[in-house]
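As written, the chains take the letters A, B, C, D, E and F, and residue 1 is the first residue of each chain.
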């Protein structure tokens, strides 16, 4: 049976920690590298519901996209939800591994899976290529087989992504035809400028706030679609799980993988405005 | 007829520029202090559609909540939407004045109007009182006349706010009873900690992103409601317009005021997730 | 008739904005890129007297060496002389364009014109060459046809520059012979070290203060001549105007140019010390 | 039986975390606040040998002077000695609590115990009093009953402290009489200036390096004694353990305390210079 | 005979080093505090010509206004003019003491002497009072006995100050009447704002450069007069020398003082612009 | 006879000042470059006892390893031991020159001499090679002819170094065999990580404090030996002196050199812990 160290090596081969942003915190968060690993759960967020799912299934390792501690901590006491998670994981011999911005920029990475989920076909290229390798980078640009109205693309994208209460929010004329599309999993406000410069028809991402979105729309340019942060990153989990299983199998190692279906988007319901047309 | 300088004095009496945050940019953005002012339009955002409304109505002054230039600019050339706005305003003798974080903390201020709009009654107190005057401050805490389920409060709040495509997003058990409620107009993520410490049942604000909202909900505490940024600040316009008109009248000065009904929220439509329950 | 955008393109071909220092603010300050431009006034400073001259002559564009807003502003209200200038220009359809440190380092640039004005002949080389092109750079080094006493060179330089109340101030033995000379238009204190290292006989520049000048003279080395900042940059205006007109003509475009003769040096008179010999 | 939360409250009553330096990391490092605590081990350093001692004795809590993570970490994986310690502690239900600079400045605190251990009698006052309470502070000044030669004081101090390989190093004339003495547990180089200003005869501390010590001795002033860092802080453990047991007993709570005798000074042996006299 | 330490004490009683700006470097620069001091030379600048004057007269101490090393040095080798000065002074037993911004803000200080020199009568108040004592501060505001035209005041000021080649430069209408006048010895550009706010008729100072002076004059307000930096500080030397001699005499100590007449302004000659009217 | 400038040139040929760290202060500290130099004293520290030795011997120059002013000073007044040293040196025509981190990284440099002194044979390579020349760098790695127990190596090292009161402190199992050894003269804590990465058996250096040493030993790896800072750098003096004399002789220049035998380690005696075994 593979050890945790073996699996970490396999994961870091595909998601090289050197690709992570300097402010990021990726890699092994807890666990003993000599422990044996058979079952691996993939999830977006390292939260209690995901740990419960791991416990119920008997996972030895959770691979998440988001770091538990993005900023350093000097305490893991069980006085916060993060410390409680660490206690639960260590007491139950469950390791935690994070692939965050190194998975974002990998080829294929988080935005490739998002692009396919919302219906883009053909080749995908990074929206903001890495300086040392244009095949890697943040976001992806791809195309629809044929132009469709913005509203239709939004409906298709909503069908392709896992369901969330808020669905997708759309800025721009619903009838404008769109075909060339940029997507970026997670918070995409830092990429608004490059999306405009790329001359795409739409930029689909998450966590857009009023000022960046409003100022972006004041200047003529791409339409915007804002989805749930969780929903834009979830499609990557299956890709990462599949790759890990098959790369391990190629080395004669058998691991079981599972993608968490726990919705960790915070927004559970909505309230509509009655008179909005 | 009053001059622009007279109106600025009146506005800054109620919204003292010294109350603004150090990073903010409030006060007169363009216009000649000696010009006469008769018609004043109040709006949340200094954008082209609002300028068109001002032109159509014959306004001499636009009072907005959001600054045109939050960070300094070295050019107002008509090569950006901001520069075009400046050209339009100056060429048409329309002045622009901003009351932003000084209006947020005023007593009454932006969050007082929001609190009343979503149905809070009785006295309101700042969520984060100003150091030098506990009557001023960011956000407001108030109460409903009686406890209601979270989902019901959210529906009532949606009815009280101006309609937007996205409506309200709600985090927390829809059935939990809520009565004591904090609200803060605009982006409220910096106030999540004080909202928790205040022990309220719900915190309603705008522009909440995945990580702050998700980590907030992992620790037991208040429910969260996220509305459109624009919608949370719009209720204040009528209050500010009314005050300016009556304070001026008390000095024998007649000004006409109007509240813009242009929806400047970027999100014009949504796409639902079909299978979300 | 050319548009403002055409003229900006022409100016930025000769004075590439990428050559400007990172702290500088160059390019179009106000004006509509689609406006037509026929008359262009060149001046050192964007001040009221220059705007009046532009108005009187019917200029469509003022090109200045100094930025109006070197540091960013969040207001162009007509409550400061800068805001009043913006209002005057926009209301009268006069654009404003700045070529500052990008004109200083251009080849030919501000210090080439200065060098010729004070009588230097033969080839001129940058005092501090640009890292990526040794033909560009700050300041110029050139030579007189034959050595002359410092005092005589100072008298000739005063004759070659536009007249100012303060004239030129000279540090060093008036009788020492000088031939190899460095000049730099505008404030030259940051170049004192390279002027010394270059081993020139004199360094002529502007805005030298007591401590840098005094410490420079304590170490044996070049003599110093301090002229009015305005006077050292004015000679460049004719060169820039001439170039723009002829480059435009070569494309079949006719523009009228004029060099402002308004003295914008602050010092209008002097008071002599009676007993200084 | 008391919970961990009860014991933390008791410890933080005596060693208030607000007294800690801003760069310090004190309080609970791991453990569940609702766990029951019966046996508490006190030690200077959170290292593997101390954890082994805790395991062997059946401790529920280790109280150390030094933080495990002085700077924040984003991983507690068992790939470093610190991560292995966290795993060992959590898997064996042993909590870890740190009282560091808050114990240094407490009254009585780390340097009080050190002062008594090296033979100082009579009242002790802080060497560097806290701004808000002169009874607290870093270091202590006290006196010997009568003046003795420096060498004799050093021998007595060596007898009073727990034994380490390096013993004490002494700077200054061995025969000079000393009576008024400053001590500071742990690294004392930041206090050299106040020790000089206090006019004491000797300053005993730890971790003094060549440059601070050498420059200090070049100026006439106090003699210096450098002991093992561990040895200067160990005397405090018994005081802290005794206080916790009696304060708990006063509330009807019984806890067992033990002071670790593991020497965690890194230096295990020495090599003498043969010809040093 | 007094020691250097005695004289330093006397000087620092009047010019308390705690009044100096945080970036300044005041006090004793070289010399042995136990050396005897009989002759004291006062000068503006610590330069070779002043050291020669001190040597020729047999001075034991030079008191200068300007620091030799405003920024710290790690070498006093005789490879720079500053190192050569240190070698000359130490080898000839001449000490060097600096009273800089502590003398600027003293009461009376540098600007009091300047104010009297240019003819101001009656009480003088600081232009920018110290936070802890409104009697101290930078610059002084005083008045002429009666209003005179600006040009006449400039002529009188030129007569009252020591002669320099450049004389005084004047900005503003020569005929405007002036009476209430601010002065500040040395570089005064940081005080332009307070001079405007003070509503004086003229601000006389030194080292004003084009941009601050030009922008100051664009807004209606005080006239400006720019004198030689050295000339504005020289009047203080006699005051400081007189005070030291009489304060010493009051303690029965006899010292000889002398004010250096060496002109250390860098500008030795000027070249006029022929056609300036 | 050579001038000081000649000797400085010779020294800087071998110890190029460009090799020094950016925070360091190397080169000539005082002295006149045109003075003649016949006798040169080499010492580790620029302190009074060394100046006395120089005076007694009639030295014209002292070459030290440690800077007198590592951080810049604005005063050399004889009110501190550093200022008194400057006065003594200048009044007695003794220059002072420092070769610090440029001597550390030179080839051969400080750690080469240390490596030979403690018995390493065969080729030596830098522990942390310089980026631009792998022959230079901090520390050296070398080998013993055959493995010996750690305690035996420590005894041999103590015999090879000049005697100090504290001798050597050793961390690690005294019986473990060691052969491949890293050494670094002076404070070596910044090199602990590279020493571990280099996989040596022992790292011998100076000024190691509790936390770095203790944390280093918690992770399995090299043993540590801590010697007196002074003792680790003293061996280099003879090498530098010998090189200077022979390089000068090769140019026909005769200089006398001497290595100071003054022990400038601060620790003059020790007190043993009686019961340490």
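The rule we apply is simple: a contact is a pair of C-beta atoms (placed from the backbone, for glycine too) under 8 Å apart; a residue touches a chain by one contact, two chains touch by 3 or more.
Note that the coordinates shown come from a computational prediction; the quantities given were computed from them, not determined experimentally.
Trainee: Fewest touch steps from chain A to chain E?
Mentor: Minimal hop count between chain A and chain E: 3.
Trainee: Quick one: how far do you have to rotate chain D to sit on chain E, C-alpha fit, nearest 5 degrees?
Mentor: Roughly 120 degrees of rotation.
Trainee: I'd like to verify one number: the distance from the centre of chain A to the centre of chain B, where each centre is the average of its C-alpha atoms, in whole angstrom.
Mentor: It comes to 33 Å between the two C-alpha centres.
Trainee: Go ahead and note the Å separation of the Cα centroids belonging to chain B and chain E.
Mentor: 54
Trainee: Starting from the mean Cα coordinates of chain A and chain D, work out the distance between those two points in Å.
Mentor: That pair's centroid distance is 47 Å.
Trainee: Give me the residue numbers in chain B that touch at least two other chains, ranges are fine.
Mentor: In chain B, nothing touches at least two other chains.
Trainee: Just say which it is for the chain contacts: an open line, a closed ring, a star, complete, or other.
Mentor: Drawn as a graph, the chains make one closed cycle, so a ring.
Trainee: What's the ring order, kicking off at chain A and moving to chain D?
Mentor: A, D, F, E, C, B
Trainee: Please name which positions on chain F make contact with chain D in the complex.
Mentor: It comes out as residues 45, 47-48, 66, 80-81, 151, 154-155, 157-159, 161-172, 174, 186-187, 206-211, 213-219, 224-226, 228-230, 264-276.
Trainee: Any idea which chain D residues touch chain A in the complex?
Mentor: 25, 27-33, 67-79, 83-84, 86-87, 90-91, 95
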